[in-house]
Structures are given as C-alpha cells and as structure tokens.
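Following are the structures in question.
Across the two complexes that follow, chain A remains constant while its partner is chain B and subsequently chain C.
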Partner chain A sequence: MTVIRTRAQSEFLRRNGSQIIVVGLLVVLAIVGVLVSDRFASVNNIMNILEQSVTLAIVSLGQTLTVLTGGIDLSVGSLISLASVLLSGITNGDPAMVFPAIMIVLALGICVGLLNAAAVIWLKVHPLIVTLGMGAALQGVTLLYTMGPAGKMPLGFDVLAYGRFLGLPVGAVITVALFLGTAFFLRYARFGRYVYAIGDDAVGAQLMGLPRAKVLLFVYAFSGFMAALTAIFLVSRFGVGQPYTGANFTLTSITPVVVGGTLLAGGRGGVIGTLLGVYLVSLLNNVLNYMDISSHYQLIVQGLIVIIAVSVYVEKKRKL
Partner chain B sequence: MKNLFTRFAAPVLLCTVATGALADNTYTGAPRTFLFNPAQDVCFKDTSQYKKDGPYTIGFSNAGLGDSWRVVAVHSMMKAAAENKDRIAKLIITDAGHDDSKQVADIQDLVSRGVDLLIVSANTAQALDPAVTRVMESGIPVVMVDRRIESDNFVTFVTASDAISGRLFAQWIVEKLGGKGNVVMMGGQAGSSPSEIRMKTAMQVFNQYPDIKIVETVYGDWSPVKAKQVMQSMIQKYGQDIDAVWSAHGLMTPGSIEAFVEAGWADGTIPPHTTADVNGPMQLALKHKVPLLEVGYPPAMAGESIKTALKVLEGAQVPCISEINSQIAVTEGDTTPSIDTRLRIDEMVIANGPADLLVTGGMGPDYDPTTFSIDYPQ
Partner chain C sequence: MLTLSNVSKSFPGVKALSGMQLDVRAGEIHALVGENGAGKSTLTKIIAGVYQPDEGQIEFDGEIAHWATPGAAKAAGIHVIYQEFVLFPHMTVAENIFIGHERRGAFGLVDHRQTRKDAVELLHRLGVDIDPDRRVVELSVADQQMVEIAKAMVHKVKLLILDEPTAVISGKEVELLFQRLQALRADGVGIIYISHRLEEIFEICDRVTVLKDGQFVASHPTAEVDRDRLVSLMVGRDMQELFPPKADPATIGAVVLEARGVVAAGRVRGASISLRAGEVTALAGMVGSGRTELALAIFGGLEMTEGEVVIGGQTFRKMTPAKAIAQGIGLLTEDRKGQGLAMLLDVASNITAADLDAVSRWGLVDRRQEDAIARAEITAYQIACRGPQNPVVTMSGGNQQKVLVSRWARTCRKVLILDEPTRGVDVGAKAEIYRIMREMAAKGIAVLMISSELPEVIGMADRVVVMREGMIGGELSGDQISEERIMQVATQKIAA
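Now for the complex of A and B:
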C-alpha cells in the first residue's frame, strides 16, 4: 500500500512538478508584492493583471501545441500584426463590418497555419525555418498593406479588453475557458493524445500508423487561429491595428510554454502549465513595476527565467 | 557603419549643454506659437476640478528610452522634480520599451498605485488613446508630453510645435528648390505623433506646389543607423534625382548626410537637409557644405511637464496645448523669403563637442548624461 502510494506520489510529482514550482513562484511573488505595497492586493490591481495577461495567454496556448509536437511557430508575431491591421482596416469604424472582419482574420490565421504545416510535412523543412520565413513574409505583406495605424474600430469594441463578466474581465474568462477546453481535448480526445505521441517519438508514432500529417495541420492551424484571436484582443485594447503590434509576441509566446514545463523537444507538458507561466510573467512584471525596477531589468529577469526553466526541465527528462 | 555608430549611436557618448543661450541671435521671447496665433480665442483648460492638497504622487509613463533625446528628456524631468521636492512626494517613472502593450499595462499599474496625476509620453498616438481616455474618465488628470494621443482626452499637451517644424521644414525646401524638385521624406517612428504630425503638416505645404514631387516616404525610426540604411537604398534608387531630404528630426539627419558622403557626393553638392536639436548634423553640414535648416524640439519640455502638472494639481488655468519655444537656424547663405532667421548653424553647433550632443537640452553646461544623478523624490 505504502509502495503504491509512494509510486502514485512520485508519478504525480513527475507529471506536475513544473507546475508546482510555478505555483510556488506565484505565491512567492504575491507575498513580495504585498510586502512592497498595500495597494498590490487590491481588486483593481488583480483585475489589471488578469487583463494584461490575456493576449500573451492566447498566443501561448497555440504555441504550446506546436511545441508539444516538437515544433515551434515563429510566425505568430507577424501574423498578429497582419491580422490586427486587417481587422481595423477592413472594419474602419463601421459596426456592420466588425463580424465579417473578425471572420476574415480568423480564417487568415487558420490558412497561415495550414501553409506552415504543409511546408513542414511535405517539404520536410524544420518548423523553425518554415515559420521564421513565413513570419518575414507576413511582415512584408503587413507593411505593403499599411506603413502606419490602419482604420479604426467602432465604439464599444473595447468590451473584449475592458468588459466585465460576473465581475471578472471578459478576456480572462474567455482565456481560462479556452485553456480548460484545450486541456480537456489533449487529455481525453484520441486526436489530442496523438499530439503528445508525435512530439514524444515522431518515427514511432508514424510506425504505429498515427496520422502525423493531420495532427500537424491541426496544430499549426490552431496556433494560427490563436494568433489571429490574440490580434482581435489587441485591437480591442488599442482601438486600432498597427503594423508592428505583434512583433514582441514571437519570442514572448515561448516563455510561458517553457516556464510551464512543456519540453521544447516535444511530447511532454501541457497547457495548464502554460497558463500558470503566463500568470507568472504578468505577475512578475507587475511586482517589478511596484518595486520601481526598470523595464530593462524586467527583460533580464524574464530571460533568466526562461534559461533556468529550460535547463531544469531538460535535466528532468534525462533522468527519466 | 562603425564610424557612424561610434559617433552617433553609442549611448555612452550622450551629452548636452544649454548652448543656445550663448548665441546672440537666440530667441528668448514668449512662445511664438501663442503670440502669432491669429485666433482671438485660444483654448485654455479650467483645472479646478483636479485641485487637491500636496505633496503629490506623480506617475510618468514613458514610451521608452533608446535615443539621446529621450534620455535627456527623462533627466530634465528628474531635475524638475528635484527642484519641486517640497510639493512632490514621489515621482514614479515607468519605461515601456517602445511597446504599446507594456505601456498600457504600465498606465494601469500606475493608476492602481494611486497617482494623483499621470504624465504620459505615448508610444503611438492611436494605440494608447483608449488607455489614457480611461484614466481621464476615472478622474485622474493626464498631462501628455512630447507624444500625444489621437483624441483630446487629456488636460494639456506639453510640446514644441510639431506642426510648425513640419511646415517650416517643407516651406524652406520648397523655396530652396525654387518650387520644383524631388524630395525624399524621412519620418521618425511610424505612428508616433511627432513623426505623423510633422509629416502631415509638411504635406500641407508640399501639396501647394505641383512641381514638388515626393519621390518616396521612408521611416528612419529616430536612428542615424537606420536612417543611413534607408537613405543608401534611396540613393541607389534615385541617385542624382534627389533634390532635398525632409528629415523629421536631427537624430536621423546625420545618417542621411553620411549616406550621401559615402556614395561619393562632393562637398557642396549634397542636397538640402532639415534637422533638429542634435550637434552631429550641424557639424556634418558645415564640414560638407550641406544647406541645413534646424528647428528645435527641446527635450527640456519634459521638465516643463512637471511644472505644468503642478499647475494642474493646484487648479490653475493651463493652455490646452502648452507649446515651448523652438530655435530656428540655417547655414550661412541659406535663408529664404519665409525662413529669414538671424540665428546661424555655426552659432548653435559645438564644433568640438560629441556628435550626439543635444544642443537644446536646457540641463546646464556641466551636464553629462553618463554620470547624471540627482536626488529627486522617488
């Protein structure tokens, strides 16, 4: 009995160790925040952190799936920029155009993802190169479309960024729902489990007859869709799309994924870890702001966290 | 390239002195934009609703650093806060690293930290509009400095006149070219208000002259290195057909002049350029005999924004747009009917000074940004 329990415990730790570490860090940061300022724990500040984390969370959700298959999507930043200028450019203040414009950019996201996957599968080019090239091409298209802010959104479109649902930020509620839905899909749907299988051992999965091409098409389309959705939330927050608005997301979307325990080599990790990673990054920036620490140090701290997280988790896999 | 980098971009060389005051022909009068404003009614804001007892906590959400102008501007703000220690309990400065998302988050954080007034230099005019508007709606006054938002949802905007810079630059080029020629327009950062306003107002002038052709509009991102790259490709494309370069600020002008020098243009043949504030382009213009117009955009406006913020919190009336004076100077022999200023570039330039020195910083003769330190309330 004891042996079984110990095994169960060690299995739990093996599966969730990284998430436990992130939760621990979240608690430490929260304690530091409370010690730094009595305003830190205010409802207003907590709502701010939840609002601020929405866009990073959604783009990282898509990124998590590509990393789980052993790939990566470096086109998300440019895709966000293109989708954002198209959304506000097509809408251009006309409420009747909001819905069609949203549909167009979401379809664009899916198409870009499918193209990425197609190049990975049939041209047999590494996803790093495919998506890097796609990102450069999309940035060029974006700048051909507009050199500056394009169009505008009608009044009321900021409800996604600033609206409240049951007292919580609308975006944060949607984010959590998306993550829970995806976690459920990955764990319980057969197709979801293929994502892990392909990332864990691509050759083995293929020998077993798993539909690698279909899984990759789905995963990159999902990432493209989430990047487009991120653009919609950004445009809601800014009121306009801009040609470089997504530039920083290419690399920052990877941070929560690796911090949350998903291995860059693929096959291990999950989206709940990513969500915790997103909250860690957002909380860290917030606490450092409260501590009057310059944003330059914030970048350094984020960089160090990524390197430490990757080194810790890589070591863990070697031991297994 | 290395030469350019070491001369203009290495931040360790940043330096500025208030040299303008030394020249006899420097303008020291009241703001010209106010005196020359033909409108009988000038917009003023009643700020009595924001009046409260001090000492105050003031937040400054900065778009970012990254060029010598912005470094001097932040130092000028710290200096103004130090000079008003009795009235300011705390000045909290955040730096968004030129990222709209980060700046919106910074603004939210500053508000939740309980600032009495927020000073904002917006990374881009449109993207920061909703965030700043929400702060105003919550009852916290916002003073914009250097870079405004698209709407008028702020108490006042402390600036030099971007519109006048844009128009003067354009009118001077038109007159230098006799109303006919090809112009390359080099904006700063796409979407930032100084860049957009200067370009828009320049076009109001250029559009009146059908023989002036804007062959291309490019962006130098306020950087001499980027400006040089961009101008090199313009020279490749248009060569001798470029008759003038309209540059939104002096941070980019030296890159453009260097591109012409390296492409083989002899002294005295490089087309007319426009500039602001920075020593380097003035040195290069004198050395290579480039016709140059300087209309300043002084970073001292950031210090002014602190003084304006205090006026707002004390309930005093403030202009809707608080414009501070710009110096206007040209190279010898390059006045035109409209740009008939007495101040000359060789009076403003610090001949032996660093190229990235800002001659309009207002920080005093001993200022050195690499060693600058001041005890301001924080």
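Now for the complex of A and C:
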C-alpha cells in the first residue's frame, strides 16, 4: 500500500510540480506585498490586479496552444495594435458601429492566424519566422492606417475593463471562463489530444495519420482570435486604439506560458499553469509598483523571468 | 490482398526501388528480407502512404490504391509498426495506444476512464504488465515496443507491417509477439514481417520475398528454402564465409583487464569479468540485463558506485573515458548516431576524432596528414564513400560502423569493446566487421562484443559471458557455446 501511495504522490508532484512552484511564489510575493504596503491587501488593490491581468491572460491563453504544438506566435503584439486602432477607428464614437467593429476585428484575428498556419503548413517555414514576419507586416499596416490614436469609443464601452459581475471584474470572470473552457477542451476533445501529440512528435503524428494541418490551422486561428479579444479589452480600458499599444505583448505573452510549465519544445504543459503564470507576473508588477520601482525595471525583470523559467523547466539532456 | 507490380521510386541521386513486385495474401505472414539499403524501408513507406510511387501499381483488397497520405493508408486498414517508434513520449501508455482512436463518451468527449480500462484489457490480452498511466518516455525500449504492438490491435487492421519488431525485445516478449501474430493470421490479417533475424523468419513466416539493390530477387514459401539459400539470395555469398575462424587457444594470452564487483546505474549489481589478450569474449544476456551498463562502467561512461577496474597494473575505482582511452580501451557504443559519430562531419574527421594528437602540430590539425590517414583506413576497411571528405550522414549504416571501428582500432591498444556492432548493418558489412574484430584479436587486443544475436555470439566468441539481472550468470567456452546453453543461463532464476 505504502509503495503505491508514494508512487501516486510522486506522480502528482511530477505532473503538477511547476504549478506548485508558481503557487508557492505567489504566496511569497503576497507576503512581500503585505510587508511593503498596508494598501496591498485591500479589496481595491486585488480588484485592480485582477483587472490589469485580463489582457495578458487572454493573449497568453492563445499563445499557450501554439507553444503546445511546438510552435510560437510572435505576431500577437502587432495584431493587437492593428486590431485596437481598427476597432476605435471604425467605431469612431458611434454606438451602432461597436458591434460590427468587434466582429471585424475578431474576424481579422482569425484570418491572420489562418495565414500564419498556412505558411507553417504549406510553405514549411518555421513558426518563429512566419509569425515574426507577419508581426512586422501587421505593424506596417497599422502605421499606414494611422500614426497616432485612431477614432474613439462611445461612452460605456469601458464596462469590459472596469465593470463588475457579481462584485468581480467582468474581464476577470470572462478570463477564468475562457481558461476553464480551453482546459476542458484540451483534456476532453480529440482535437485537444492532437495538440499535445503534434507538439510531442510531429513526424510521429503524421505517420499516425493525425490531422496536423487542421490542428495547426485551429491553434493559430485561436491565438489570433485571442489577440484580437485582447485588443478589445485594451481599447475598453484606454478608450482609444493606439498603433503601438500591443508591442510589449509579444514577449510578455510568452512569459506566463513558460513560467506555468509549458515546454517551449511543445507536447507538455497546459493552460492552468499559464493562468497561474499570468497572476504571478501581475502580482510581481503590482508589488514592484508598491516598492516604487519604475516600469522600466519591470521590463528587465520580465525578460529575466522568461530565461530563468525556461532554464528551470528545460528537460535535462541525458548524460553519457 | 496486396499486390504491387512494377513499382519504382527514385530520390534525388538514388534509385531506391525499381520494378518491385510483392504479393501478400490475407492470413499469411510474409517475410521481407534484404541487406540494409535493399529498399525494404522505401517499400514499407510506399505501402503506408508516406511516399508515392513514381511508377507501377498498388492493388489492395481488389482495388487500385493511391494513398496520398499515411492517414489514407491507415483508413484503408494498413497499420505499420516502424523500427523507430511512433510514440508520444510525454503521453501516457493508455493515451498512446488509443491516439487517433480515442474512446469517446457523451457529446463526443474523450472518455479517459474508458480509455484506461480498455488499455488495461488490451495489455492484459497481450500478456504484458505495463502501467497504463505511465508516460511512455519512462518505459524501457522493450515495453515501448509492446505499446506499439498494442496500438496495432486497437482497430481492425487488414494489413499489418512490422519493421524489425524484435530488434529490442527478447525471449518471453518475442514469444508473446509471435502468439499475437499467429492469432492475427488466423483472423485473416495479412502480415508483412521485416527482420534481420533469419531464424525468426523460418519460425513464423509462411512465405519470404527477397530484395536486393532495390529490386525483386525471389519469392518462396519458407518451407522450400533454407537459411543458407536465403543468405546467398540476399548477398550472393555463402553463410560459412560470414565468420572468420576462431582463435587457437594457444594464442590467447594473459588477462589484460579485470573488472571486479562492479555496481552501477542500478542495472549492474556486482558483476566481475576478465578479458584476455587475443580473445574475443561475447557478453550475452537479455535486453536490460545490464550488459551495456557494465561496458559503459568499465569505460568510465557510467559512474561505478562500487567495484574496481584493473588494467595495466593500475587499479581504478573512479574511471573516466579520458583515463580509459589513455589506458588503451576503445568503446563502440550501441547508438552510433547519438553517441558515436559526428554525423555532419566528414569521414576523415570522424576517424581521427579520438586521436587528434596524432595529426596535430602546435595544436593545429594537419588536414593533409589527416587526409592521408583517412585514405589508408578507407582502403584498409573497404569503406564505401566518395573519399575522406564525404559526410558520414550520407553513408549506409554498415559503412558508418566501419568508420567507427577504424577510429577505435587506431587508438585502442589493449581492449576494444563493441556494443551491438552489427545492429542495422547489412550482411556484407557484417562479415567485414567480424573480420576486423578477429584481426584486432590476432594483434593481441582483448575484444569484448555485446550482442543480442545468438548466431553472431556463437560464430564469433571464443568465450561467452552471460549476464542476468545485473550479475554474471555463467560463462561458456569452446564446445559449450550453443543457443540452448546461452538461453538457459540467461533466463534461469537465480538460486535463492
């Protein structure tokens, strides 16, 4: 009996080790936060953290799936910028245009994702290059459309960013729902299994007759859709779209994914780890704010976190 | 049920298959034999839809087939167990078995409980004890092979192709596999069985087709040919020529290396072995009995937690590869691509890799001298390549192995250890490697050969040391060496 139990325990630790580490770090950060400022533990601040983490969470959700297939999506930053200027530009203060503009922007996200996937599948170019190129092209399109803030959103559109649902931030509720839905999909849908299989062994997946093209099309379209959704939340917060508003998201969307234990090589990890990673990053920024450390340092810290996280989770090469 | 006629396939610079024909009936096990590079893999991949033939016709189940993708061939009822497994290392055993055929419950969602239950049942039916919840990456190679076989039984297969299925399993597992294959044959499944082990072909196959240089040679019922005939069809030379004569007992010298009570890596539990100059010693035993680990420990590639190695009058408790090489030990690893050759470098660089001092002056490599050495070795070992600058990645397995042998032959002065030296190597190159091993022994070197191929052990070894569960199970020499005796020692339970 004892033998079985220890095996089950070690199994649990191995599968959830990264999540446990992240939860531990969250606790440590929370304690530091309380020590640094008495306002840290206030309801206001917690709501604030939840609100601010929404955009990062949604874009990272899409990113997680591309990474699970062994790919990556570096076009999300520019896609967010383009989607945000289009959203406020098309709406231009007219409440009747809000819904059509949202639809256009979400469709754009899906199309960009499909294009990314098509290049990966049929031109056989590595996703890193495809999406990097796509990102540059989209930034160009954005700047052709506008060099500065474009149009404006009607009053009341900020409900997404600052509204409450059952006392909780609307965005945070939507975020958690999206993550749970995706986690369910990955675990219980056949397609979800294939996402892992392709990341684990791409050649093997093809020899097994698994639908690699369909899975990649879906995954990159999903990432594009999530980037567009991120743009909608950003515009809701700022009231207007700006041509560089998404620039930082390319790197920051990867941070929670790798911090949450998803292997960059693909095949292993999951979205729940990513969500924990998002809250870790948000909490860290929040604590740094209370410590009066400038946002420039926050950027430095984030860059270091990515490198450290990957080095921690990288599968150690077998010795001779 | 499957008929290939006049099938040809070319790759840039190579004609892999030309005018190939094959005819497999429902309810038969059909062996496909040929040297490495004869076209067996290409043929398999054409049947599996990975490649499309340039010419010729495939007829399956009475219809002309054009499979554009592996998925299409699979849908038609063809399942291939490749030599390089198609398993997803980070998924569990159960998930791997049902990949592409997920057990589904309400709303078409994957039913994990049912998947697990069916996997347990399937593994039980196969007669193997593998935990369905373990990730495949943690399994032994033999267990991975059994998972591959379980996968083939998930859905209704009409044609099953197995490429070297017994390369990594032995004894009981081979028996279990053969039982399953016989049951499938009785159900009317057509089976194509590819193997280098000819004795298996006579044991289980009904007919055999021989390929040579991408062409069809002959097709016979196995009852109508014998082993020697088959080999001569494959290579055009006789079996007897394969092994050089054994050493005259009078020429066998003193003990040059002695390993005592070696414990390492949890796989070796107190093994002692001594090697004599001029002798070819075979280290036999089942896969997983600790043979490779013992050899690695002697060479210093694995840490010895207990025990010692005595060589050249010195006793080593901590061995390292650098010390081992300095003492004149050479090791050809089992995995020549991963741990032996620098695949993208050329023949010359690979030959001199362990002995750069010999071609260097003032710390710089003298490419001209290296070139000259490489040319001499290429001639001496009849390595088929375009010259010293040929990258080894483009060469056949047999020739790559010769490059490795020549590398170690240059540096090892006392002991040469070869781990499965002829795995995946064609018959012609095998004979060449056997000859080289014998020559090294004749020069007074102690040769230790690890091998799972019993005919090779019997044909080459002056003395056989059999490992079992990390310990030495017994030793055989001279007339005692036979398949029965080796298997007996390798499998008997250790007396309590």
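Remarks
Here, the second predicted complex is superposed on the first by the 313 of 320 C-alpha atoms of A that agree within 3 Å, B and C clash if a C-alpha of one lies under 4 Å from a C-alpha of the other, contacts with A are read in each partner's own complex, and residues count from 1 in each chain.
Criterion: a residue touches a chain if its C-beta (ideal position, glycine included) is under 8 Å from a C-beta of that chain, and two chains touch if they have at least 3 such contacts.
Note that this is a predicted model, so its numbers are computed, not measured.
In this overlay on chain A, chain B fits alongside chain C without clashing.
Taking chain A as the reference, the larger set of touched residues comes from B, when chain B and chain C are compared.
Looking at the shared chain after the overlay, A:Q302 reaches neither chain B nor chain C.
Of the two partner chains placed by superposition, A:N116 touches none, neither chain B nor chain C. In the superposed model, A:T91 lies in contact with neither chain B nor chain C.
When the two structures are aligned on the shared chain, A:G267 is found in touch with chain C, with no touch to chain B.
Taking the C-alpha centre of chain A as the apex, the lines running to the C-alpha centres of chain B and chain C meet at 130 degrees, rounded to a multiple of 10.
Legend: residue contacts after superposition of the two complexes on their common chain; A:Y290 is shown touching chain B, with no touch to chain C.
In the superposition on chain A, A:T66 makes contact with neither chain B nor chain C. Taking the two complexes aligned on chain A, the least Cα distance separating chain B from chain C is 38 Å.
Touching chain A in their complex are the following residues of chain C: 48, 50, 69-75, 80, 82, 85-91, 95, 99-100, 102, 104, 108-110, 112, 133, 296, 301-302, 321, 339. Against chain C, in their complex, chain A makes its touches with residues 11, 187-190, 192-193, 196-197, 200-201, 203-211, 267-268, 320. Taken together, the chain B residues at the contact with chain A in this complex read 92, 94-97, 99-102, 104-106, 108-109, 111-114, 124-131, 134, 190-191, 196, 217, 219, 378.
Those residues of chain A that touch chain B in the shared complex are 37, 39, 42, 44-45, 48, 51-52, 55, 147-149, 152, 158, 161-162, 234, 237-240, 242-245, 248, 285-286, 289-290, 292, 294-296, 299.
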